[in-house]
Amino acid sequence: MITQTNKFKLFNDPIYGFIAIPSALVFDLIEHPTFQRLRRISQLGLSSLVYAGANHTRFHHALGSMHLMQRAIHVLQSKGHAISGTEAEAVFVAILLHDIGHGPFSHALENSLVDNVSHESISTMLMAKLNKDFGGKLDMAIDIFRDKHPKRFLHQLISSQLDMDRLDYLKRDAFYTGVVEGVINSERLLAMLNVANNELVMEQKGITSIEKFLVSRSLMYWQVYMHKTVLSAEYMLAQVLKRANELAQSGTELFAGKSLAFFLAHRPNKQDFMDNPEVLEAFTLLDDADITGAMKQWMHFDDPVLSQLCTRLINRQLFQLRFLEQDVSEQQRSYLATSIHKAHGIPMDLTAQFMLEGVASNATYRSDSQEIKILKRDGEVIPLTKASEILPISVYTHTIIRPFICWPKNIPWKD
Amino acid sequence: MITQTNKFKLFNDPIYGFIAIPSALVFDLIEHPTFQRLRRISQLGLSSLVYAGANHTRFHHALGSMHLMQRAIHVLQSKGHAISGTEAEAVFVAILLHDIGHGPFSHALENSLVDNVSHESISTMLMAKLNKDFGGKLDMAIDIFRDKHPKRFLHQLISSQLDMDRLDYLKRDAFYTGVVEGVINSERLLAMLNVANNELVMEQKGITSIEKFLVSRSLMYWQVYMHKTVLSAEYMLAQVLKRANELAQSGTELFAGKSLAFFLAHRPNKQDFMDNPEVLEAFTLLDDADITGAMKQWMHFDDPVLSQLCTRLINRQLFQLRFLEQDVSEQQRSYLATSIHKAHGIPMDLTAQFMLEGVASNATYRSDSQEIKILKRDGEVIPLTKASEILPISVYTHTIIRPFICWPKNIPWKD
Amino acid sequence: MITQTNKFKLFNDPIYGFIAIPSALVFDLIEHPTFQRLRRISQLGLSSLVYAGANHTRFHHALGSMHLMQRAIHVLQSKGHAISGTEAEAVFVAILLHDIGHGPFSHALENSLVDNVSHESISTMLMAKLNKDFGGKLDMAIDIFRDKHPKRFLHQLISSQLDMDRLDYLKRDAFYTGVVEGVINSERLLAMLNVANNELVMEQKGITSIEKFLVSRSLMYWQVYMHKTVLSAEYMLAQVLKRANELAQSGTELFAGKSLAFFLAHRPNKQDFMDNPEVLEAFTLLDDADITGAMKQWMHFDDPVLSQLCTRLINRQLFQLRFLEQDVSEQQRSYLATSIHKAHGIPMDLTAQFMLEGVASNATYRSDSQEIKILKRDGEVIPLTKASEILPISVYTHTIIRPFICWPKNIPWKD
Amino acid sequence: MITQTNKFKLFNDPIYGFIAIPSALVFDLIEHPTFQRLRRISQLGLSSLVYAGANHTRFHHALGSMHLMQRAIHVLQSKGHAISGTEAEAVFVAILLHDIGHGPFSHALENSLVDNVSHESISTMLMAKLNKDFGGKLDMAIDIFRDKHPKRFLHQLISSQLDMDRLDYLKRDAFYTGVVEGVINSERLLAMLNVANNELVMEQKGITSIEKFLVSRSLMYWQVYMHKTVLSAEYMLAQVLKRANELAQSGTELFAGKSLAFFLAHRPNKQDFMDNPEVLEAFTLLDDADITGAMKQWMHFDDPVLSQLCTRLINRQLFQLRFLEQDVSEQQRSYLATSIHKAHGIPMDLTAQFMLEGVASNATYRSDSQEIKILKRDGEVIPLTKASEILPISVYTHTIIRPFICWPKNIPWKD
């Protein structure tokens, strides 16, 4: 499948050694500006404020996932499952583009720049758009991505509890953050993949590997993805965009590149994306640099909420975060509001913008309806929870939901 | 020296495990906006266009160098060399701030945004400025940095063939690019450091370690720092800024943040920096995001040179690079100019902006007048070139100077 | 503390880069034949039959533990806890020698070559012996080892839930087996150590690090230390020695080096060690090579039990292992005995030597009465089980006790 | 090619993650006692006396080489070179068995236990023997190994400047010794392999990778394979065997297992191997444990040369080594002899056994007549020395020949 034209293309990767490009179509997609844009979108949003090494990008993650996919396809083929060259290429394309719809700072802005439009929806729209540019060559990849392909296991390689996305991001995030305990043995997991009844399964001898994988995921979850300071920074960033949006919609002119200005002024919803192709076009021009560049100018803008939030994010003077045992009392809320008003000069009716509330939960990472399936040596397929060997089942069913609040550090909690 | 206040501060680092903060002063300097700005300056400029993992920052490198410095001081103290707590802190501060004067994309813009002002000069000016903010607490650090401290070996730990800067950047760059052969054994090199006649020396038993270090450096040099595609991208970026500068100075208004606009309009020289404190102030507000954000808008600006160069850099459609055996002939130059004009619509008098010439050389990395010194077991100190054990001396004296030219890929060379 | 004489001594270590020798006494102890013997004792007994990379030795582990101890002492001193140079050296010596009493194949032979003498007892006796050779210089080290030193936390650095022994062996075993999920962040754990009320404690901010450490330990436990095939091999080896002992005590002459012959003939108990210095002397001459060398000759010895067990171990034709839900029934036992007799020619009264029963449990790794203690930010000290943040407490209280039986592979289980 | 029976067999490997078994034949060969014996033969002989982590075995190296071979075959097939399943399996078998003829401590004993019989000759004989046991299934593997197969590039994958043997041992030895600078990027080298004119070649874009590979090899050479202390230990070990041989042939009875006793008494040459199948049979029963076990008894044997050499090796009291600028003068030799006689009680006529002379040279690692060949982009094939890009050619043509002498440390050199 490697053609003379692009076979020389090997991407260096500190994790896998290097990443090969399996076909000319994949090569051309990588060269496309829409894909190149992922070079300017950090994989972990603002986590680099805590883990200074975590500046890796969506671009690298997409390539890494495609690398693992090549291994996975090779493993399944060698176990006798028919996967044609065309199907293999389609699944490579699908994994390559699975995150193409991410906006600046990955997850942080899904509900501030846009009005409740998930990155998955945008990925789907962008794939359709690319499919036009490529004369329909992405048809099968899109079917696989949307779970419309008869070989369902191909979709599960892209989206399930054991997909190549997850395998790459856990490994990559552990590597770049330096959280060594999160490291997973992706090679071993891949080698244990199999297919039964058209579904992706894990061979029984791989159970301890999955158990270790789930523990690593759990550790990464609390250590990185839901780290207090990261949460605080991401909520502050979302608040910056919300405030900029309010100001823009009330007619204030803010420093911003053309696409960002458009999003601030319109905050499009999914219907807008579908009705007006320019919305999607503008989206493909947005990246981290637009937001950071704008925030640096907004530091000096004449609105106390916007300027203070931006100054704090740029200079890393972040809000403190407190996990809550119970709802915040009215008294506490009123005390915080008054303190914010007095200490920071925020008008009373805007103090809520300095008290950011949210909920951290590991549940979002486990919501997949489809449990991991184990293929026993005798051919029976059972769910992992019936097959666990080493760890108490509670390790992976243990759901934690933690409401929290963030506010300026100089104001103590009072309860 | 670790105080209760900040001792909890450990930076995660995928390379050293973690990095400790040795004193409250160091902690406060790291928190300062001028230092936080280094988070937004990539260590390797545009190298991430070739090595997708190389998104590490000046911030992390500065911390890493300070980490190695703590080890180095510990080694020298344990060998009986008197280094007081005050001196140790001063040398930590000096290494922390050694690169504080780097502008956006590190080296790429030293002669386009500014008029021939080195990052070392700016580092010196910024240290003086910080020294005021910190009430003179940086006096000794500045003396060490400027080689005015009587213990010269302290300066050499910051700037010499075996300084902590180099030890960290080689290791860090090798790690993040994935060029594993560049990896050096910094622990072993550190353990072999010693002081003789007030100068930093290497113990004789460390010779093979230095030899390996020099080979790694040489490999990194060609494989990364002088990689053809990296060179091409960096020359294109410098050209973008030069063109923007021309346009700005001729009165054209370009999208830019306030500080960038100032630099485009004035392109200050060293005297400007000294005469006008606002120049330095504006400098501390510049980072990679300003440049990237601006280039994304300039892609659509109505100047063929600026818009095309920006589009190419953003979408990674880079010029090809050819190392030259001899000067480019007039005929060749004229052929290239005509082709650029015809194929890309660049006015004839501007075609030189699409033919970028430069010189790659490993010499710049070896220019230090002071050769590495070896402390023999009998106490004698000799230069490394007299002590080499494994490799032919030519490996590290082998100077290569390679003139090159970059131009659009669709135009073939003709000679 | 590093003296001119031995400062050149750096041991290369793939894990820590290198290991330094902190004093002349430590250097001289390492050079002593009793310590050099540890080079010939594998750290993980027969685990290399499963993990082919796990050929690391007690020698390297002892050096590694001492390396971590140097870091730990440095951390505690920098937090203001008084530890004199003499105390530091004593604790380095104590950790260096903590495993000096291990016999061939580490744990495997504690109850076959000797009659119920633990390696800790032998370590104590060997330290006393070395103390004589070194003119009493080990007095304080022995006090620390035996928990008689007033600074109890020094003892806890050697023996407790968070001692340097554990930190090194988990990291080292994970490294050499290639079980990457077992990797722990020892640097971070060390940095969080502190002392409160004369006891070793962990600072509150280190809780997630301990949680990860305990999970890693749990994974290593099942994945490596209690791996079915490893258990089977180790029980077979113990049986070889028991059989050789029976034969030797009944007057049969077996090929064996002088010391091994002595242990086979006498199987000394603790009193024997204390009464007769030659027993301890003979012990210091035993290592893995004596056992392997003898087994290779015993393969051809005229006793079906001994020759078959040896042949199987040498050629890696190991017994199968079955974890038992309930006691083995008399019927099953009788069926196995008959099958062993028929298929392998083992006399009926010896078939029990081909049915090896034991119990695997993670409890042995957790039996320390002293729970890990957490130092809260407000100064209070609480047990870890009250402080856990990420994981359900069941992960580390979850005790598993699994009886098992091993027997030849060609005989199926029947129940 | 992976069959149900053995596909579960994955060897853990700290270097590659894991190693898969590609076929039932390979699986059965690994299980064979002759191959299992390699578990007891250290890859680097006595290097662990210097690099304490280097206890890896020939067994693991053979598996590792086979792992790389699977990658190499996959690369060549994907570039369109026809390699049938049968040929692939044959080349896997050939690389697996390429070192099967190594004796105890690998290279150290090639000319003491046997009379000038290389391990390659013994490998060939053992393959023939195994071929009988396996009913001729090794025919093609043997043809490839002996360069009789028409596809010569298959042989070159096993034995040439870029064979899988070298790629694995350099990587593995660097890993276990901790000499990080020796690490090579085997993945990248493999990806650049190609075939032209039936010969194995490197694609032009892989030149810098080869240059780095050659430098790593050179560093490993001096840092590990020809390390002074390692050389000294290996020459001492060879001398032990020579002395034991002299004693055995003069009728003295020495402690030794049956096979070792046979080799000491007969020191067979190649003809003996061919004439008498028992010689080869006895050889397959020899491993490191026999030698170590015997030396431990010989420490107490009544011959000053044998007992002292053994005691020194076991307790790591090694001879010093001096590289010689010129021949040892008669005067010096006589002075050393007298000193050895006086200080160590060695009879004058045996003092030469305490003055061991040899020659270290990197030439032995470069003797292959076939230079590495480069496939240019235009299809031309040229030798590497004409294609080198980064390093001066002297780095890899630089031949060093260093005569040396080893003798007891307490006797100073006098010249």
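We call the chains A, B, C and D, going by the order they appear; numbering starts again at 1 in every chain.
In this section, contacts are C-beta pairs under 8 Å (C-beta built on N, C-alpha and C of every residue); 3 or more make two chains touch, one makes a residue touch a chain.
Just so it is clear, the model here is predicted, and its values are computed rather than measured.
Participant: Centre-to-centre on C-alpha atoms, which chain is most distant from chain A?
Facilitator: Centroid comparison gives D as the farthest chain from chain A.
Participant: Over half of the interface residue numbers used by both chain C and chain D, so same, or under half, so different?
Facilitator: Same: most residue numbers at the chain C-chain D interface appear in both copies.
Participant: I'd like the Å distance between the centres of chain C and chain D, where a centre is the mean of that chain's Cα atoms.
Facilitator: 32
Participant: When the centre of a chain is set as the mean of its C-alpha atoms, what distance in Å lies between chain A and chain D?
Facilitator: For chain A versus chain D, the centre distance works out to 49 Å.
Participant: Can you list the chain D residues in contact with two or more other chains?
Facilitator: 17-18, 179, 185
Participant: Once bound in the complex, which stretches of chain C touch chain B?
Facilitator: 1-2, 7-8, 10, 16-18, 20, 78-79, 185-188, 191, 203, 205
Participant: Taking the touch rule as given, give the residues of chain C at its contact with chain A in the complex, in rising order.
Facilitator: 179-181, 183-185, 208, 211-212, 215-216, 218-219, 222-223, 389-392, 394-395, 398
Participant: Which residues of chain A touch chain B once you look at their complex with the stated criterion?
Facilitator: 11-15, 17-18, 31, 33, 36, 39-40, 48-53, 55-57, 59-60, 63, 175-180, 255, 257-258, 285, 287-290, 292-294, 296-297, 300, 314-316
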